[in-house]
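Given below, in the form of structure tokens, are the structures.
Look at the two complexes coming up: chain A is in both, with chain B in one and chain C in the other.
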Partner chain A sequence: MTEIIIAIVQALLLMLLAPLVSGTARWMRAKMHTRRGPSILQDYYDIAKLLKRQDVRTQHSSFVFRLMPPLYMGVLLILACGMPMITRACPIPVLGDVITIIYLLALPRFFFALAAVDSSDAYSGVGGIRELIVGVLVEPSMMLALFVAALATGTTNIGAMGEAIGSLSVTSPVAVVVAAAAFALACYVELGKLPYDVAEAEQELQEGPLAEYSGPSLAMAKASLSMKQVIVVSWFIAVFLPFGSATELTIPALALGALVFVVKVAAIFFICSIVENLVSRVRWKYMSRQTWTVVGVSVLALVFCVLGI
Partner chain B sequence: MSASVLFLASVAVSCVGGVLALLAGRSVSAAKAVACIAGVAAAICGLGAGAMAIFGEPELVSIATPFSFANFSLLFNPLSGLLVLVISLLALVAWVYGLSYFDEYKKHGVGALGFFMNLFVASMMGVICTDNAFWFLVFFELMSLTSYFLVIIEQKETSIKGGFLYLVMAHAGFLLIMISFFTMAGITGSFEFQSFREHGFSPVIASLVFVLAFIGFGCKAGMVPFHSWLPQAHPAAPSNVSALMSGGMIKIGVFGIVKVGLDLLSSSEVQLWWGVLVLLFGAASSVLGVVYALAEHDIKKLLAYHSVENIGIILLGVGVGFIGMALGQPTIAVIGFMAGFYHLLNHAVFKGLLFLGAGSVLYATGTRNMEKMGGLARVMPVTAMCFLIGSLAISAIPPLNGFVSEWYTYQSLFTTAFAGDAVIKVVAAFGAVALAITGALAVTCFVKAYGVTFLSAPRSDVARQAKEVPGPMKAGMVILAAACVFLGVGAPWVAPVMEHIATAMTTAPTVGSAVGMELVNPAIGSTVSTPLLAVLMIALVALLWGLRAALGTGGTGVVRDPWACGYKAEAEMPVIATSFASQVEMVLGPLYRMRSFMSAQSGKFVALFQGTVKGASVAETAGDKYLVDTVATLVVWLGQQVRKIECGDFRVYILYIVAALVFFLCLSVLI
Partner chain C sequence: MKSKTLSKKPGASHIEAVRERFPGVVKDVAWQTDDQVTVTVATDALPDVVEYLYFGRGGWLPVMIGNDERPIKGCYALYYVLSMEEEDKGWVVVRAEVDPDTLEFPSVTPRVPACVWSEREVRDMYGLRPVGLPDERRLVLPDDWPDNLYPLRKDSMDYRHRPQPARDVENYTFLSDTGDRETTVVPMGPLHITSDEPGHFRLFVEGEEIVDADYRLFYIHRGMEKVAESRLNYDAVTFLADRICGICGCAHSVAYAEAVENAQGIEVPARAQAIRALVLEVERLHSHLLNLGLVCHYCGFDTGFQHFWRVREKAMDLAELLTGHRKTYGLNLIGGVRRDILAEQKMETIRLVHELRDETRSVVDALLETPNFEGRAKGVGLLDPKIARAFSPVGPCVRGSGFARDVRFDHPFDGYKMLQDSFKARPYDGCDVLSRTLVRIDEVFDSFDMVEYLLENAPSGPILTEDWTYDPHKFALGFTEAPRGEDVHWAMVGDNQKCYRWRAKAATYSNWPVLRYMFRGNTISDAALIVGSIDPCYSCTERVTIVDVKKKTEKVLTRDQLESYCRRRTHSPLKD
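And then the complex of A and B:
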């Protein structure tokens, strides 16, 4: 029962606090540009304003265009229920299998790109295709890194993987560290931040797949994108940085776990912001060359794992 | 009532229906009705036979024939039951669909179509259940021939070319399978599969037999690099036959590999490298199949390439199964084979569905070119919905059926990696990565297939004027779409059946692959629950949809044109199939360059075949040239010389008689 409450609380907090995370990132970006910038609550104001606007769609669009925002957010909420954030173990273990998570993330991707094609806007369509290809480039490295982590911990459940890594009882520690690096790189690409914000590239694609959205649908889609960033970061934390999360279900342990989780998320987003503001966008056609590096690192992890070190 | 009775009834009804359809050929509607009704009746009998064979005790029926080597033996075990069930299900929907779809083929001869299709289904049934090498080869050949005639039914240049390539590849495979079977028959001295089973072959012979059969059946299954006939032949057939071929017939290739390795060689030891071989071919097929599918803008060719991909995924599971057998780990073997069998069933269902959907689009627009479609979801809502379900299923999106079998495939790969040594670990990791690339590319490919065909604005007049297809065609698609949902959401009830088939084939104890509402990998305790995912998804999407409606105060509106970042919207602007292909090619260029090499392989077989024909015609005339010709020339020369003697003047003949008299007188005097 406690686990189900934790799962629901996680999902609700994710939905409510995700705009704060993206707002803080915008604020930090402004500070690094030595601008005054918006308030960290700006994304809440944006959502409130969008909710008052008309929800417009083109005459040729179908139900896919309308379905995408609720579906995107719904799947992220399911992932939030299974993701170990505050606790070490998965709140709902049947939702915490690595393969289920990878394929659950494919569902919103499918509809995100499909809605972009449905909007009849060429810029959206191209953004949608790019979003799909980012998935093609990143997913194999993610799978290989997680494969190594699974081999080292003897399980495919991310909670159990976190437990093994958190108690430092893995069979090949070097391999796990290298796999963590590969997974971190893959997650960074997946976050859609500079230099890899190719799907929503502002200059070339004008917001990309979301260009034709407006009103409440746009608000929901934008909130979902920041929720996805938090989910991807928590995924990395759950498997490779589980230190400090609650191993037992007592109030003090859970409170400490929540605090540690917030600190870890804040630290990772801080690092990401610095990286994001130091680099310029990679040209789309060169992106696949850079993701080969990630593949290389994850293959290295497999080699270490097979060697047993 | 036993499986054998129902099976024989099914085959008999198919044959009678086929012949009657041919006899009624003059009247198109009568031929169509006879063929379809007989087909449906045969398929229902087949479904019963398949279900009984899966759940019942193995049943061996042997009918003696005048030829001692060719006893007509039939074996019904869970594996053949699964295949019979798959073929019958596809045949059922294909015939229902055909009730309307065959109207398109009036001028090509519906009677002949009904005849060949009925016989095609019957011959596939025969291949699956026969337990004698001679009859197996006979049915296998019949299956290739009948499907060849279905491929060339439109009599177009492309279909005849594709059909010929298919025929050659089918026979290249047939030859290897024949050598494999004859090797076993030569050693055991019998064509009965039962005697193969009881004989322990030496590892060298067993490996030879397995590899020959693997490549032979791999040709039939469309495995890379023997695949290039598949995207040329399958799309040329009528769409419901394509469904039957891509969903059903190529599975017989996989069935053959499992049957030879697991059943016929059951007294011989399974070698580890067999499993590795199958797994590596599977990984290559899965990635290359989907990569080439992405470059297609012909919707049926795209689907045909996806069959190559899915055969690869099935082979990944089967490969793990063989590795498990070789390692002496029954749990791994059961999970691997069960993943393969589950994907075999799932692929039949969703690929059948997608081919029927493509057939409906072809029926409504008259074209297979996706660039000319667009916006069909509005005018063909049922087809669009079914095609979307099929697309999600084949992209392994939870909670549909493709996800369940790929989940088991991944689990089997993880489990072997835990148990095996360094080589197995690397091979399993390679398989998992290949499957991950395949999954991501399949998502891309089906966003393209569904988006470009059904969404956005219509791009041609045929797309603008398209209408929803008639009832029987809708019924065929809806049955398979429902099956996709059931096999996915109902997986906790289906998985134990697949496990039962795998345990029966490996003689392993039950492993417990589903507990309550959860799917379980018993070896490492991984779990997933598709019913829970389905419930959560529906509930949350409905909740959020309501939330958006409740919080949004600005209402909704419809505009004529997209904003398009301020540019004037034009019909040519939205993305088309080529947009996807060019973007993917930018990233995966080397794989496309490899294609020319890969596709050349089947071409080589054709060249080999044509070379053989040429050689044979030279060899055939060699006898004439040196023996017959020489004699003939001599005879002609002699005749000419003789004609000089016979000049026709009677005085010369008198001279001959006088000369002869003188000759004989001299002879008598001299002696």
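And then the complex of A and C:
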């Protein structure tokens, strides 16, 4: 019962706090630009404003275009229920399998791209195709890195993987560290931050797939994108950085687990923010070259794992 | 004896060569200044002569000017301006007369592609028909302009006349040369996506690759030349010329002032000349810093963008200190300048230049050290030197393709005569966006040195001369190197204290035609960066449409309504 409550609370908190995370990233960006910048609550204001606006869609778009934002958000809420955030184990174990998570993340991506093509806007279409290609380039190395972790821990449930890594009882520690590095790189690409925000590139594609959205749909899509960033970061934390999360379901342990989780998320987003503001966007042609590096690191992890070190 | 003195003048060798090669075509030769000569040729021989001077003798063609000379000479005239930049440097203007009944002349564009925009413009503005012009679409006039109304003819219309729209559909065709490849059209504009200015681009793409591109501009033609001819006195036009551009206004007003001064033979005092050059360099500073920031922005490197613009603020302070205006406006008069540089301003300028140099150095280093900046800019937007030679682009755009063209050093004017020995043009031969960016970076640092040199070495004395007489119907060229390339103005004053004809050629006018070739073979993601790398200049919009969602009404506001609302802030045009 407690697990179910934790799962629901997690999902609700994620939905409510994700704009704060993206708002803080915007504020940091402004500081690095020597701008005064918006308040960290700006993303809430934006969403509130969009919710009041009319929802317009293009003449030739179909139900897919309408379906995408609620579907995107729904899938993320399901993911949030299963993701170990403050606890070490998965609140709902059936949702904690790596294969399930990867496919659950692929579903909204597919609809995101489909809706972009469906909106019959040239820029959106290009953005949608880019989004799919990013998926094709990044997902295999993500899978491979997690596969190595699964081999080393003997389970595909991320809660159990976290448990094993957290108690430092894995069979091949070097392989896990290298896999963690590969997964971190893949997650960074997955976050859709600079230099890899190619699908929504403002200067190139006018926000790509989001270009034709407006009003509540846009609000939902924007909130979902920031939720996705938090989910991806939590995923990384759950598997490779579980230290400090609650291993038993008592109030003090959960409170400590929540505090540690917030600190870890903040630290990771801080690092991402710095990286994001020090680079220019990767040229689309060279994207695949850079993701090859990630594949290379994953393969290296696999080799270490096979060698058993 | 006479022919001996003739041959000594700059440009004389070109005239001799034309005489020798095409016997009998030269009708008249006249020097406007020491290095400007206008040669009138038979209209039939026009393409031959221009082609020979352009490709055969190292000429570049910034602009061709049309003029309605029926009241003076009974015909239309065309002036093909050629800047001779190899041996015997100078300006040779080839003049041809067009019969007012047939209105036809042989097009030079098939031989010298650089003429294409000028010939299309003459077709719009005067109704003269270039026979053989490959591209006969309108250039300047909008689609709904009546067919037989030619705004710049002396007898056509008052400058206040607003003709009824002749049609209400857009019928401009975008051209593409895509071979047999199947392409998708990606529209960019009518408002450019990242610089937020009016220009309509059509990219013909296959996947992400741009196969060809076409574009349309002049959405906001302000009719300045017509206004200058009919409404202002010739000595007020310097202030109108300021307003041609929001950034390089001073370059235009210096060019106009020079055109009149050259025509009337006015000796501008040496101190005024130095001040003009100094302010032009300050203008280059803030313009180049702006573009360097924009290049960062187009690459998605917004941190660099914001920091360049932070540093640029100081360059604007410098402009304010020297001219009283953040944008270097309102400095020039015919015969000199309005403000002197006093001792304390000199000290303050030197201090600011020192600070600016250090800060610019640090942001430029940051840009060049950004890990993937080179990956973004290198090999992108290639401008083939052959295309460049054929179309005469200007400024960092052509210097990035290996040509050391720079009016400041090719045809030194004003204070630049003092700088001849210590500075030179800065070409790079990568032909890509990176080279054009590096040219700008070098020029920024040159500008710091030039400002310091000019401050130290400016001669003292008066800054304005009024000692001259007004001589109608004389004409000449004025030219400056604006941050974006050469501005060429041609002015002829009339017998009523007004310009008879004023033609202002902005730098970007020469750079647009090559853009198409720079797009080809790149990807959509590079399009904005490529447009940005020529540092284009558009202008501001004339009218807006406001849609009220709740009332479901739509209303078009005219510029007049908006203007009056801006001034008075009452009687909102929306509230009736």
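Criterion: the second predicted complex is superposed on the first by the 309 of 309 C-alpha atoms of A that agree within 3 Å, B and C clash if a C-alpha of one lies under 4 Å from a C-alpha of the other, contacts with A are read in each partner's own complex, and residues count from 1 in each chain.
Heads up, the rule we're going with is that a residue touches a chain if its C-beta (ideal position, glycine included) is under 8 Å from a C-beta of that chain, and two chains touch if they have at least 3 such contacts.
Since we're looking at a predicted model, the values are computed, not measured.
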item: Partner chain(s) touched by A:V56 [first = chain B, second = chain C, both, neither]; value: first
item: Partner chain(s) touched by A:S273 [first = chain B, second = chain C, both, neither]; value: neither
item: Touching partner for A:T24 - first (chain B), second (chain C), both, neither; value: neither
item: First, second, both or neither for A:T34, with chain B first and chain C second; value: second
item: Which superposed partner A:S172 touches (first chain B, second chain C, both, neither); value: neither
item: Residues of chain A touched, compared between chain B and chain C (which is higher); value: B
item: Partner chain in contact with A:S226 - chain B first, chain C second, else both or neither; value: neither
item: Contacts of A:L194 with chain B and chain C, given as first, second, both or neither; value: second
item: Contacts of A:S288 with chain B and chain C, given as first, second, both or neither; value: first
item: Contacts of A:L104 with chain B and chain C, given as first, second, both or neither; value: first
item: Overlap of the chain B and chain C footprints on chain A, listed as residue numbers; value: 54, 122-123, 126, 206, 285
item: Chain A partner contacts - residues on chain B that touch it in the complex; value: 375, 377-378, 384, 392, 395-398, 403, 406-407, 410-411, 414, 417-418, 422, 425-426, 429, 432-433, 435-437, 439-441, 443-444, 446-447, 450-452, 454-457, 518, 521, 524-529, 532-533, 536-537, 540-541, 543-545, 547-549, 551-565, 569, 573-575, 579-580, 583-584, 586-587
item: List of chain A residues in touch with chain B within their complex; value: 51-62, 64, 67, 69-71, 73-75, 77-78, 81, 93-95, 97, 99-100, 102-104, 106-107, 109-110, 113-114, 117-126, 128-130, 132-133, 135-137, 139-140, 142-144, 147-148, 150-151, 154-157, 206, 211-212, 215-217, 220, 285, 288, 302, 305-307
item: Complex contacts: residues of chain A adjacent to chain C; value: 29, 32-35, 54, 122-123, 126, 194-195, 197-198, 201-206, 277-286
item: Touch list for chain C against partner chain A, complex; value: 184-187, 193-194, 208, 296-307, 310, 370-373, 375-376, 380, 523-529, 549
